[in-house]
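Order of writing sets the labels: A, B, C, D and E. Residues in every chain begin at 1.
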Amino acid sequence: MHQSVLLAAEDLSFFGRDPWWLVLLKAVFCFAFLVLTVLIAIVWERKVVAWMQLRIGPNRHGPWGMLQSLADGVKLALKEDLVVTAADKVVFVLAPIVSAMPAFMAFAVIPFGPADHEISIFGTRTTMQLTDLPVGILFILATASIGIYGIVLAGWASGSTYPLLGGLRSAAQMVSYEIAMGLSFAAVFLYAGSMSTSAIVDAQTHTWFAALLPVSFVVYLVSMVGETNRAPFDLPEAEGELVGGFNTEYSSLKFAMFMLAEYINMVTVSAVASVMFLGGWRAPWPITAFWAGANHGWWPMLWLIIKIQLLLFVFIWLRGTLPRLRYDQFMKLGWKVLIPVSLVWLVLVATVRALRNEGHNFGNVVLWVGGAVVVLVLLSVLFDMLRPKKDGAAGVPAGPAPFDPMAGGFPVPPMPGQQLPAVPRRPSRVENDQTTVPALKGDDGAY
Amino acid sequence: MSFPLLTVTTVVPAVGAILTAALPPATNTRSRDRNKVVPLAFSLATLVLACVAIARFQPHGARFQLTENHSWISQFGIGYSVGVDGIAVVLILLTTVLVPFVMLASWHDADPVVDDSGTFERNRRTQGFFALILAVEAMVVLSFEATDVFLFYVFFEAMLIPMYFLIGGFGDRTKGEDAKQRSYAAVKFLLYNLLGGLVMLAAVIGLYTKTHTFDLVSITTSLQNGTLHFSPVVENALFLGFMFAFAVKAPLWPLHTWLPNAMGEATAGVAVLITAVVDKVGTYAMLRFCLQLFPQASKTFAPAILVLSVIGIIYGALLAVGQKDIKRLVAYASISHFGFIILGIFALTSQGQSGATLYMVNHGVSTAAWLLVAGFLMSRRGSRLIADYGGVQKVAPVLAGTFLIGGLAILSLPGLGPFVSEFLVLVGTFERYPALGIVATAGIVLAALYVLVLYQRTMTGPVKPGNEAVGDLKARELVVVAPLIALLLVLGIYPKPITDIVNPSVNQTLSQVGRTDPAPHVVNAIGGGQ
Amino acid sequence: MNAYAPILVLGAIAAAFAVGSVAMAALTGPKRYNRAKLDAYECGIEPTPQPTGGGRFPIKYYLTAMLFIVFDIEIVFLYPWAVSFDALGIFGLVEMVLFIATVFVAYAYVWRRGGLEWD
Amino acid sequence: MTLAAAIPPIPAPHIEYLQLSPMLAVFGAALVGILAEAFVPRRHRYATQVGIALAGLAASFGLILYLAQAGYATTKADLAAMGAVAVDGPSLFLQGVITLVAVVAVLQFAERRLEPRSGAGAAVDAFAPEAAAVPGSDAERRAATSGHATTEIYPLTMFAVGGMLLFPAASDLLTMFVALEVFSLPLYLMCALARRRRLLSQEAAVKYFLLGAFSSAFFLFGLALVYGYAGSVQFGQIARVVEGTATVTPALANTTGNDALLLIGLAMLGVGLLFKVGAVPFHMWTPDVYQGAPTPVTGFMAAATKVAAFGAMLRLLYVAFPGLAWDWRPVLWGVAILTMVAGAVIAVTQTDVKRLLAYSSVAHAGFILTGVIALNQHGIGAVLFYLAAYSFVTLGAFAVVTLVRDADGEATHLSRWAGLGRRSPLLAAVFALFLLAFAGIPLTSGFTGKFAVFQAAASGGAMPLVIVGVLSSAVAAFFYIRVIVLMFFSDPRADGPTVAVPSALTGTAIALGAVVTVVLGVAPEYFLHLANQASLLVR
Amino acid sequence: MNPVNYLYLAALLFTIGAVGVLVRRNAIVLFMCVELMLNACNLALVTFSRLHGNLDGQIIAFFTMVVAAAEVVVGLAIIVSVFRTRHSASVDDTNLMKL
């Protein structure tokens, strides 16, 4: 392809040359790995959350309840498979498949090991990665966004209010956080000079990008939680407001598909996080210091899995710790904090790197750029303090607007400062008594 | 450079138009009369200038005299170049003579409404009317002067607009149906002429693509010395394009239908303006442009055009006989006369053409006299229907007399102007197309018929009820009529001054067309006529 | 073998799994017909009928979609630029900073006009 | 880390910022306008925005003049920005016209004396108080009473103008396409911003948008096909490939032979452009949009869009596809004839002033097309001149339309115009002047323009076209005259519309229109000279 | 696989989109058809750029994406505003014009 010719950033010569049986093997491995990780993760999650809440958690199925999620699966399989009458049948059935499939596919470009013939399987030397593309990360983003379709379609096809709103919500939040995510990636590409996963890992030989690009890393961590609809960002299935959200009308294995997809997405984003920022399959620093072989043979897979598991634990930890955000807070975080921050950060990174490429001294560069940033921040703060608060940007007349119970055509609760219109009703008997009693008193007084 | 006489001759009325339009609305009789005297003064000034021009004109001098040439839009070879030959200068004189009379004749046609309390309706109606007349005069004069095809075309077209407003905006003050009729007539007038003009525009552009200049003189010279040559097809097409516009303007059957409406709806004065002044531009343009730019094509199409014109003569006369409406009658009469003029032009003989030129003058004067008197009559009675009149000569002898003289002039009684010209035209035609000549002569008979019948119905006999009150001509009206009649007599008895001016130009024109007379020379013919 | 082929293989496996399990659910699960079960779930109250193709929903979602598109396009241009950043040099930096600034102008407008508020 | 070494540095392209400065100025003004929209308090926005817009346009016009003076129109004419933008005579001339038109348009947008004051006593303009509010909703009522205004109109205009400046200067298909969209999209929005009759205006916007997007899709596919044929979208290169003088790379060899690509591609490009100029059979959007859009916007659209689109068409046909003249000229002949005739004939049946003007603009598109078909330098000069003349007449005419009002906004139905000449002779006279200019009566700019294009066409050997044009302008004259008759010779209705007294802004617009109409009609020499001088397309 | 087939596919998509615009009545659907046409153009462009071995086509495709996005934003804004006003997105209901 001309692209790979022109931007000869990465050397992908190792990929796409395996024999078919090996490809099949690797694919099956990826699939199995995902399913297995999910099964473990579910139990692991329930255990951890239970411990955090000083409960025991699942302990019936198998030793220490290890087979809990398996049992769940079987149970779900034996549930009745409902398709509500109002639903758009075809789409309704299609939706879970659409959301599950890309979740699996995203994992195809995650490197478990170095991009050369590290290992030999049945005598064939090969890489520890199903395949890699010059646009690997783009591929992951693409599959992730196809996953959104599954959710939206599920909500839309259910022909019911809660799923519709839930689906929309999740779609909205996914796209919102996808931007922040994408922007945080840009910085990484800028340093790695490539979009292929293996090349990115390769670029972290000396320093992990988590260290080089801390802001990007943080932004990514936040947005990856939002991207997977996990607590504290699990608004689409906010039981309090939307029952189950987009999957309200689903049951049996269709429901299971959504669950599966969600957990696989967790695994995927964790894998991506470790690939992009945590050195991928590279052993953490102290180990490599005294053990050269850590990054060779089958070992890299271990490091990667450990990293993934740790990140999964972070997910669980968050869920156990944090309350759910309100939707407006959530959107505000996404649009008003993550996006501008990552944009500014990207510009900074680009400037620094460009100046360095021009051969300026790193220290000076950082000083200058940092100084400029500080000045900007101060100015903005100053402006924020000086400008008259509550200028007519919104243009609403002062004071809360009169309460309209059907604002925008929907039944809505009163806003702060508004009160419900009085419900016309007959005064209760008690009140009647209160009105009549004094009169009697008066009579008494006459005595 | 010498004094730009011709330019001034057109600029004076133009300025007059603007000034008049700018005059404040009348509030009392004095200011009202002021609003009418000012334009009259300007028209008289123009008349004076025209006289100067004709005095400065040497009949046997250069082809075009008093010329001025300035570049206007060089990209299109358009120049502001004016100059007059005998024909043009005579017609300019005619125009400038007639306009004051028209103004006087329609003195009260556009007076502001005065309500019972004696307060004037505050609008610029009056000024508008007279300003428009002046504007028309300016444009007509300029299009007579123009020796640049484009310049001519522009004013040939532009004069439609004031005419349009004159026809549509004024006339009997009756609202409603009549007003509709009027605006219909106005629109018909405009659209006919606009269509003609736009077809001509196509021809003009076509001409430019061949010649790359619009200067008449240079085109004709290069045509003569052969540096410029049109292929027959092109020449015919261009000729037809020009001819169409002119035939509409000078109504040639069958393109005449706008004239009866226009003249019928317009006030008598405006009607005179149309038939006696504006339409002359059409006939003049045939003489000036069609013949000189496209001599071959002129020869090719002459027979057809002659046939049409003869048809026009007879047709117009016949319909005139049948009219119930005086103005329409005059209109059809004019159509018949224009038939004669065009006949004279395209007979391509010197008698014919000088006769035609003379005819333009005479027709202008005679129609003016006749129609204006008729106008006075109608303004008294407020009706245009012949049937409403009868026995007027008993109550208004002078009016009747003048009306009779005008009518006799129309039917070209010997001794009155039109006779000479009509005679010349017929002689010129007989020389080449005897048959047509004979048929055309029938037109004279019919003319006698409609004129006399009209007179007999309206003037003679017992006084019709409603005609008792018809008063005789007032001083103003006499001032209008008397000179015209005098002019008719002069032209009838001693036309030589005019023919002397006209003939050389006619001969030059003919020589360009490349026709020579098979007959002895014009002047003798006139002597024979005496 | 094309570098994309393995992805297809994995996709095929995933599809097989997903379709298979969805189909299996239809077989394994019991079938006990009950009208109420097939109604849309709305906490027991009579479900509000939905027009086909989804009901109406707050306009804000459209707005979010539009904003997303804008920024997504920005990203479309950012990635190739970032990948070949070192080759582009200062010119690339300046151009892209201008581009980002332009988008920022729109962003500021939307922000100030409350386009990012979810009341 | 070592990638910097691995990748050979890509040479930075060379951008001639000076030549591009007119557009940059306008776009800069647009951005500043958005920032102002964001940060300037509401009560100051109107003044700020108008100021910014006018300043931007003035700067742009000044730069254009400077460039023209510096000879970029003639001797130094060249391709800028890596051959993407042609800075030459036609570009600069049309850009000048467009900026002037835009100035007049902005003046009209800024007119705030016609609409009755809002409840809060604030003067309001012709645009929706709050475009986002549903028509008839409380939100809208609130916004209307508190005198809000959609000051976004000014940045939108600036963007549109920027696109229009780029459009006739675009020298490769991609730039042309982008410019097309850049000026179309704001226009779609501006159409939807009417204060009165909002439903109508929103529907106009929908129609305009859908059809516009449709046509631009055609343009794009044409672009793709031509690219497939020529292997480049740069006009010069395309022309070379078409003529066969280009060095054909083996990669190209297998597609250049394929004329189907070329012809279909050119046809599709043509569809896109003909839609923008509103030529039959791609005119169906014109009347609806013209009628629905807020009248000042309509004027702006009618004038500026035509200028830009015809400029682009000239460049496309004369620079990129002269080699195909034998293929596209017959088609354009047909289109031009159809356009002139249909525009004139359908206009006769119209009862709404704005629709009537819309159809007349269609007819005028036909007239200009005759100039394009001439395919000689006269043709270019004539088209340039015609565009300049036409745009100002149009602006003036629509400005007059904004003044004739009754209780519910502008009274555009012709019957309401009856007797206008009696009620306010001056306005009626001016409008009559514009109509006569449309009709091409001598001594008006319309006549000079028509003459120029017709004689160019005739010299280009398209005499039949000229005759059709003349005849159809005769038909067209009919309905213009009808309006004049209506205004002057029919009695004013008792409940007739009143003629609002405009502020200096609209006054200037109308006066300018009238002056230009007369000057270009009476003394066009200088401007014709200018146009002819500017009529050299750089390749 | 012969890249020319992609051209046929592009043409097909474009035709489908065009026909859709002409026969469908729902504004949103019309709108999606237009987007389909634009994407067909993209496909054609990329294919040609592959055939010619130069990158112009791909770069043009980028710009097309931007334009398409801008169109989406503007179009949605307009259509939704009408939709909110008259609770129907059918272009047949937009009938105020025929006065």
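FYI, a contact is a pair of C-beta atoms (placed from the backbone, for glycine too) under 8 Å apart; a residue touches a chain by one contact, two chains touch by 3 or more.
Predicted model only: the values in this text are computed from it and were never measured.
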item: Most remote chain, CA-based centroid, reference being chain B; value: A
item: Interface with the most contact pairs, given as the two chains involved; value: A-C
item: Chain whose Cα mean lies nearest the overall Cα mean; value: D
item: Averaged-CA centre spacing for the pair chain E and chain D, given as whole angstrom; value: 24
item: Centroid spacing, where centroids are CA-atom means, of chain A and chain C in whole angstrom; value: 12
item: Intercentroid distance (Cα basis), chain E paired with chain B, Å; value: 65
item: Between chain C and chain B, distance of the C-alpha-averaged centres to the nearest whole Å; value: 82
item: Contacts with 2+ other chains: residues of chain A; value: 7, 9, 193-194, 357, 393
item: Numbers and ranges of chain C residues touching at least 2 other chains; value: 59, 65, 72, 84, 86, 89-90, 92, 111-113
item: Residue numbers of chain D (touch at least two other chains); value: 3-4, 7
item: Residues of chain C defined as touching chain D within the complex; value: 84, 86-92, 102, 105-106, 108-109, 111-113
item: Complex contact set, residues of chain A against chain C; value: 7, 9, 12, 15-20, 23-24, 26-28, 30-31, 76-86, 88, 93, 96-97, 100-101, 103-105, 107-109, 130-133, 138-139, 156, 158-162, 164-165, 168, 171-172, 175-176, 178-179, 182-183, 185-187, 189-190, 193-195, 243, 248-249, 252-254, 256-257, 327-328, 331-332, 335-336, 339-340, 343, 346-347, 350-351, 353-354, 357-358, 393-394, 408-410, 415
item: List of chain B residues in touch with chain D within their complex; value: 71-76, 124, 153-155, 157-158, 161, 165, 168-169, 175, 179, 182-183, 186-187, 190-191, 194-195, 198-199, 201-202, 205-206, 208-209
item: In the complex with chain E, residue positions of chain C that touch it; value: 59, 62, 65-66, 69-70, 72-73, 76-77
item: In the complex with chain A, residue positions of chain C that touch it; value: 1-7, 9-11, 13-15, 17-19, 21-22, 24-26, 28-32, 37-43, 47-50, 52-61, 64-65, 67-68, 71-72, 75, 78-79, 82-86, 89-90, 92-93, 96-97, 100, 104, 107, 111-114, 116-119
